[in-house]
Amino acid sequence: MVSQLIRLLPELILVITAIIVILADLYARRRTARWLLPGVTLVGLAASLVAAFVQWAAREPVAFTLAADSFAYFFKMVAALVVMIVVLAGMDYMRERTRFLGEFYALLLVATLAIYVTVAATDIIMLYLGLETLSITSYVLTGFLRGDKRSNEAAVKYFLYGAAASAVMLYGFSLLYGITGTTDLQEMAKRLTSGEVMGSLVWLAWPAVVLVTVGFGFKASLVPFHQWAPDAYEGAPTPVTMFLSTVSKGTGFAVMARVFVSALPALSEYWLSLTYGLAILTMTLGNLVALRQASVKRMLAYSSVAHAGFILMGIVGISAAGATTPFSGIDGVLMYVLAYAITNAGAFAVVAAVEDGAGGASFEHFSGLIARSPFLAAAMLIFLLSLAGIPPLAGFAAKFFVFAPVIRQQYYVLAVIALVNAVVAAGYYLKVVKHMFFVEVNPNGAISLSRGMEIALWACIVGIFAVGIFMNWFAWLATGSAAGMLGM
Amino acid sequence: MIPLSWFLAVSAILFVIGFFGVLSRRNAIAILMGIELMLNAVNINVLAFWRYTQPENPAGLVWAIIVITVAAAEAAVGLALFIALYRLRTTVNIDEVDLLKG
Amino acid sequence: MVLQAIFILVALFTIGCALMVVLHRNLFISALFLIASFFGVAVIYVLLEAEFIAVAQILIYIGAIATLIVFAIMLSRGMMTGRTSPRNAQALWAGLGSVILGIALLYVVAYRVQWPVVQKDVPADAIARLGSALVGRYVIPFEVASVLLLAALIGAVMIAREKEV
Amino acid sequence: MDGLLFLIPALPFLAFVLIVLFTNQDQKVSAGLTIGATAVSWLLGWYFAFRAFFDPHGVAEEPIRLSIPWFPGGYSIFYTGFQVDVLTAVMLFMVPFLCFLIFVYSVGYMEGDPRFSRFFAYLALFATGMLGFILADNLLLAFIFWELMGVCSYLLIGFWSFRKPGETHIDHAQVKRARAASIKAFITTRVGDTIMLAGMVLLYAMTGSLRWSEILAPETLEKLADKIVSMPVFGVAPWATVLAILIFWGAIGKSAQFPLHVWLPDAMEGPTPVSALIHAATMVSAGVYLIIRTFPLFHVVAEGSNSAMWFVAFIGTFTALFAATIGIAQFDIKRVLAYSTISQLGYMFAALGIGAYIAAAFHLLMHAFFKALLFLGSGSVIHAMHHGHHVSHEHGHGHEELPIEFNPNDMRLMGGLLNKMPRTAWTFIAGGLSLSGFPLITAGFWSKDEILADAWHGGHMIVFWTLAIAAFVTAFYTGRQIFMVFFGQPRSEAAKHAHESPNSMTVPLVILAVFAIAAGWVGIPETFPGLGAVVRGWFQSLMGAQLEALHLEHETLPFNAAPLLISMTMAVGGLFVAWLIYGRKPLGYEDPLARPLGGLWQAWHNKYWVDELYQATVVAFAKWLAHFLYNFDDRWVIDPIVDGVGRYGRRFAGAVRRFIDEQIIDRIVNGTAWVSNVLGEFLRQIQTGQAQNYLLAILITVTVLIVLGIGVG
Amino acid sequence: MALFDQWVLTIILFWPLLAAIIVLFIPQDQEDRIRRFSIWMSMVPLILSTLVFVDYGVRFLQGTGGLQYELQVAWIPQLGASYHVGADGLSVPLIFLTALLTTLSLYYSARTIHHRVKEFFFLFLLLETGMFGVFMALDLVLFYVFWEVGLVPMFFLIGIWGHENREYAAIKFFLYTLVGSVAMLLAFLALYFVTGTFDIVKLTEIKPLAGNLWLASLVFFGIFLGLAIKVPSWPFHTWLPDAHTEAPTAGSVILAGILLKLGAYGFLRLLLGILPHAFAYWGWVIVGLGVISIVYGAFVCMAQTNLKRLIAYSSVSHMGYVLLGLGAAGVALSGTVSFFDKNSAALAIDGALLQMFNHGIITGALFFLVGILYERAHTFDLTRFGGLSGKTPYYYGIFMVAGFASLGLPGLAGFWAEFFVFRGAFDIVRIWAAIGVIGVVVTAAYILWRIVQSVFLGEFNTEWEGKLWDMTGFEKVTLWPLVILMFAIGLYPAPLVNFFNRAAVELLTQAGFMF
């Protein structure tokens, strides 16, 4: 029992930290709270990250509907890391816009906790609850700037969309429950593969997969379930956007991978064709719309939709045979989520800084950024190049690991479509680069950065280079994590 | 004994009605009601499966409880958001809320 | 047979109320129909021998959620009675789609599939089992649910608070 | 001593480098360097040449060699170096000597030119090219020097293609002509060279070597003659023929044979010593030399339509007559000579084409002497005319009314120069007689007669008669030139005020005149009655040694009076007719033949409109193609797409500016740009901001998928 | 010596990167320091690469050839990808060329770039590392990494310091190249799944996919696309005129001098080395595209009025020779033609390699020269010049040398490449080679007609009176090394041909070519 609780240490730390934050908010003075709250949050996240890291290699049996596998710990680490960046980058942003800092950090911690339990869930009930917890805290975070029409509108839309989508997903889950008679994912896989539940129940498999995918697709913002995302990303406070577009989205993929791969391998024919189609749709449509955006923030939102398509390639390319070897597909998802999360977090952090410094996030606000803040421009450049998949940055490692399984499965059509999309994406990233570097403006109006933002950006940059250059280490981590999920 | 499929049919109809409400009502609160209907439909499903396939396993019951709990939390947050919306715009008609688009 | 007849009546009642929920112009009346519909669902739970859930349904849904909704309707007065149409522009398409989806689901769920039904009684200690599950296997979800409720509470309060930045 | 072989081309090159790098500012030193270096080369050259003359068989069998490894090619090593055999020796006798004379002459001719030093640098480089070319022991090295000559000719022909401040002796029109001429020369010869390059690389591929000694070895040639290649359009032929013809194209370009002859007359725009150099000692001779050198390759398939020989013969013969007729109707003193060069070169090729190896070599040599003489002489005349023009201006006689524009080269403005500049005149006449083949005494007679005799003897009657007619025409236009320039009355102030050129110019003339007359005597055939016994066909036996070394049969022709008489008649007759028309009565500014001959005269005068034809076909086509492709590249393919994007953008999005300005990126997707835009815009517009619209998308997706799934499953 | 052997390439490779990073720390306003520092730092790889060149030559004479200076350090062991560098006769001269042109470009730019100096030198040094990397990498992933690393700095060089249309050109350049490189990446992955390794040396030994022509062709064309765009071969060339025209002088020099070579180098290292069968099978495609590029590029040059654009198109034409040579070798490998000389394939590759090297020198020089003119006149419009030969004789002289070298005049570097290419190609693909020969003539025509006649001859445009001065000291210093190289190679190509020939023969032997 105790040993199992230790497995839950990362989660426990988060809960405790959240409580401390609320208490500190009650008792600390306003001035102290400004640094104390994010400080405590950071410490808690860091501790949680360490706890997750230490236990990464655990091969514990499933308990309390939670898996203590390396797959889950991988996502927990990514989540902790990115949320730390979010906190660092968003400290000043939030401080200037709201006085409910205690609530903000507490909710952020709860959202992180939700991610923790979701990615580890091995039971549909836990899974659903985790996702809903994440969603509900996210609604609040999105609408956190209660005086801001846009923030509120974003939250309302997000809420309505999310609630409906999760209801649809839940209906799908109930069908799965009906088919298999169990809520446990492992058990489900067993019953499906052993042929216990064949016959006319097969009729339900496809509707169930489709309905379930709606919920996952909503979280991962896959086309055509993506439409909430750009609006929510634009309206939400930028730190929250960072959170939503990175780890929250990543959670969608984690859940999808776990449900599909560990629970429904027998139905792979259904979900493979579904994800194949969604991957193409997602990357293509996401890119096409991103191409036509006038706001960098919104462009990044759409680009994040497009990236979801790329991540999906990892799932499409899943090969059950080679989960312990690199390029199993799942490790591609992991690599991509990691790389994409730190990169996009960085990119949105820059957007936040520019919003603060220049008063907006349209392309014009980025014009001549190199003169106004060389560091910001350089950082953004690195992020954009990483998003475009240029080596030796993280984005390249990520693309490498999702293209590979697709090639291995000989889905050449998908590969070529992805290729074209990668280039189209580079096209609109370059548009930002063009504005930042090629457009000459008078250099007054320099943008100053807070310490927290600087640290956050440096963390992203270092992370991006680290993932890109020491790809071996991260690939090892990802491959090991992927193997962990399949219980190997 | 009532056939299982009857329950499922009721559930399906309820689900679709709820979905229709979500899609067609202008008022945000009405939409929320639609969502609640959908969740109820799910619960009927879950409990029907529980009853007809494995009444000895309490998972279905747990599920139903959790869903109800989540629904409550969702309703609380949602209604709070709607109230804030109303305060900011004096409307809760969702099709009038489209600052963010394109 | 009696059970079946009761079921049909309850089902029709529930569905009818649900329809009224989504169709009625007056939001307040919609809310009342919602309560009625919830009640019908609770009866269905009873028919499924899940009395505990039925009670929970009545307590939480009718006692809490529906009340909340009514409060919200009161707070956002003026929207209560529809001077304008309660339905949006896409209602027709939504209806059409819903009907098709409903037919498809019914076709599969209630017609196509032969459900492997086990003839078992609900064990007498069902509630006890539920209780031990909630502190055993499902302890974590249980805890998380409480965290969720807390978080939702904090969030809802924060957002719905009267003006104060 | 053999090791010094490389010095022959290296010395002038050294002079070139020194002038360019160091002595550019000092005209005297520069000229001295060039002339000194050439003089040493000349002496060295003669040393080797005479070694060969004294031991023809030994040198022909075992050429004097200097060879080093050059570079690896695949699995073999390419060696390169210089060699002297009898043929080289003959050239070595002529080339540096002529170069030397021409360079000395240039000192006087180019005096006062602001780019005097550079001129000598180019001359030195030119000498390098030619000397290296004749000494090279392989085709590749020869080709390099060959192209070097091409560049030098480009530089020298275009020497007056721009003016330095203060340069007054050249006018704008001349600058323009020089510029066009130099480029034309380079590009036209480049056409030939490129074809030759193709032949060369093929030859290399076929034989694995490019050394003369290896590619011309009988067993190699046998192999080439036996191997058959089938080509589109041209059909089937032995490799030897194909290679020979390809290489021959190089000679066609360099030696200005039809149809690549157009550059040579224009090349007269260069300073006259350059013309002499190009026409006599170097460039054009190089082409003939190349074919003489590779003669075994041509000869190995000697008979039938598969032979390259008939092609050579045909081009040569045709050009000989073709160019000669044009020569009749030219007024520019140098152009007449230019066409005569083309014509004479045609003679040589005709000779080669009928297998008259020795005759061709002989004529090459003789032609070099008398053509150098003629050009230098004409240069002297032009120099004098120019001078006379100035003098007449200075003395106030300048405002004479001429029916034609003044041009120091124009023979219509000359006349009566015999008295003004006797040394020039007499030497020129000596050269002219040699060119027209004045019987018995002139060098030209012996060499030309040799060719005609060979043709007669070999039974090539068409060749014979064509050449004979050409000989007549040659004599005629030479006579015309002599009478127009030196006899009669001066027809302009400039001619009146002309006087003799300085010694540095006339001394070379005199020396050359001696050669132009006497050099031919070395080749009087052994069988020639009387004289033959004295000389005993020295030249023939010398070259015979070379032929033997190449394993080609060499027979001494029996004496035959018929061709001899015909040749004599043609020469004398031509001169006589020229006298009848041009010498007997005073001339006006219009040619006496222009009216009677009418259209024919126009055709000759306008060079058969070949230039115009090329302009209208090849050049125009190339330009059209260039523009077509350019438009295709830059305008028709890419721009229309962009335009299309713009147009449809206006129509569909109404955001024209944004479309054109910011959608640069879309160009990458070229064809799909439009689609992606419209689609993107559409997708952007379905992002209505209405959450319920978004949710409807879920409903539709789910419904469609499930219904489809049910339908399928 | 062992230390030298192992580390020299790595030092050359990362030295510029190190320098670039240090440049970042020099304050922005100390422009002179940045300039001097960069130039001096770039001397180190130049000296080392010269040393390597000489050392490799010595080894060559001693009879050791093949890959030298190898260093392999595990990088992504689970994928069989490693940091594996090495150099052979193919790459040693190209590494030297890279170092040389970079140093010259930096030197030239020190006097001509006055705007955003720090960024310029930073990017340029970064670019150098990228280029070195491609020539040294013996691992596909590493290769790809450096391939892309070179892309970004060039994008900025064009986009920031370019001319009027720079943004368009920069983005076009970037996206075009990206299409190709991603396609290449996919092909690399496909190779990996067949063989389980990314190591080029191993792959060269394995020669995967020999039995599966369909997949081999797919892989082949994936890589081919990336390389052909970079080379660039017709019809993938349309980015080039824009990029070259708009780039700053030093950028054009590097672009034409080195970046295009990356593609050609890849043809040998990757396609011929790893996929000899597919290379042989599709050799005729390469030949065809090469010949079209030659002729097409040359004709398009004739119609240009923009001097720089003309030189740019001439690159298309000249790189066509490279393709012709390589393709001919491929056709020879395929065994579908039976008549050729055994040396021809090697000679064709020699020619292609020589063309790569020589084109780097010659076109580099030409772009410098065009840049020098632009510095004074601020226009590339040919028609506005004339008579410069009298005004700027020194400039004219150097330009003539470069021009003649470009049109393949014997005695200058360019000739050898043409000679070898045609020597090889004429024996193998006669008809194509014969068509390609047209390009030689047209080249002469456009160099003389379009450039020399318009710019140097004729009437001097008085518009420029007093505005055009002859070459100054630093410009001469920039160009003389290149001119000397043109002459040196032109007169005595043996050292270079030795390297190339050895490498070509080794490649062909590895590819299974029977001699």
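Per-chain numbering from 1; labels A, B, C, D and E assigned in written order.
Operating definition for what follows: contacts are C-beta pairs under 8 Å (C-beta built on N, C-alpha and C of every residue); 3 or more make two chains touch, one makes a residue touch a chain.
If you're wondering where the values come from, they're calculated on a predicted model, not measured in any experiment.
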Minimal step count in the chain contact network, chain B to chain E: 2
By count of C-beta pairs in contact, the leading pair of chains: B-C
Identity of the chain that, by mean CA position, is farthest from chain D: C
Innermost chain by mean C-alpha position: E
Whole-Å gap between the CA centroids of chain A and chain D: 76
Gap in Å, rounded to a whole number, between the CA centres of chain C and chain B: 6
Centroid spacing, where centroids are CA-atom means, of chain A and chain C in whole angstrom: 31
Between chain D and chain E, centroid-to-centroid distance (C-alpha), Å: 35
Set of chain E residues in contact with two or more other chains: 167, 171, 175, 179
Shared-contact residues (touching 2 or more other chains) in chain B: 8, 15, 18-19, 22-24, 31-32, 34, 53-54, 59, 62, 66, 70, 73-74, 77, 81-82, 84, 94-95, 97-102
Contacts with two or more other chains, residues of chain D listed in rising order: 665, 668, 684, 687, 689-693, 695-696, 699, 702, 706, 710
Those chain pairs that satisfy the touch definition: A-B, A-C, A-D, A-E, B-C, B-D, C-D, D-E
Complex contact set, residues of chain B against chain C: 1-2, 4-21, 23-27, 29-30, 32-34, 36-37, 40, 43-44, 47-48, 50-56, 58-59, 61-62, 64-66, 68-77, 79-84, 86-87, 90-95
Chain B partner contacts - residues on chain C that touch it in the complex: 3-4, 7, 11, 14-15, 18-19, 21-22, 27, 30-31, 34, 37-38, 41, 44-45, 47-50, 52-53, 56-57, 60-61, 64-65, 68-69, 71-73, 75-76, 78-79, 84-91, 94-95, 97-99, 101-102, 105-106, 109-111, 113, 115-118, 120-123, 126, 129-130, 133-134, 138, 141, 145, 148-149, 151-153, 155-157, 159-160, 163
Complex interface listing, chain E residues touching chain A: 74-79, 119, 141, 144-145, 148-149, 151-152, 155-156, 159-160, 166-167, 170-171, 174-175, 178-179, 182-183, 185-186, 189-190, 192-193, 218
Touching residues (chain side chain D, partner chain E) in the complex: 69-76, 140, 143-148, 150-151, 154, 158, 161-165, 172, 175-176, 179, 183, 186-187, 190-191, 194-195, 197-198, 201-202, 204-206, 208, 232, 622-623, 625-627, 629-631, 633-634, 637-638, 664-665, 667-668
Chain C residues within the chain A interface of the complex: 104-105, 108-109, 112-116, 137-141, 144-145, 147-148, 151-152, 154-156, 158-159, 161, 163, 165
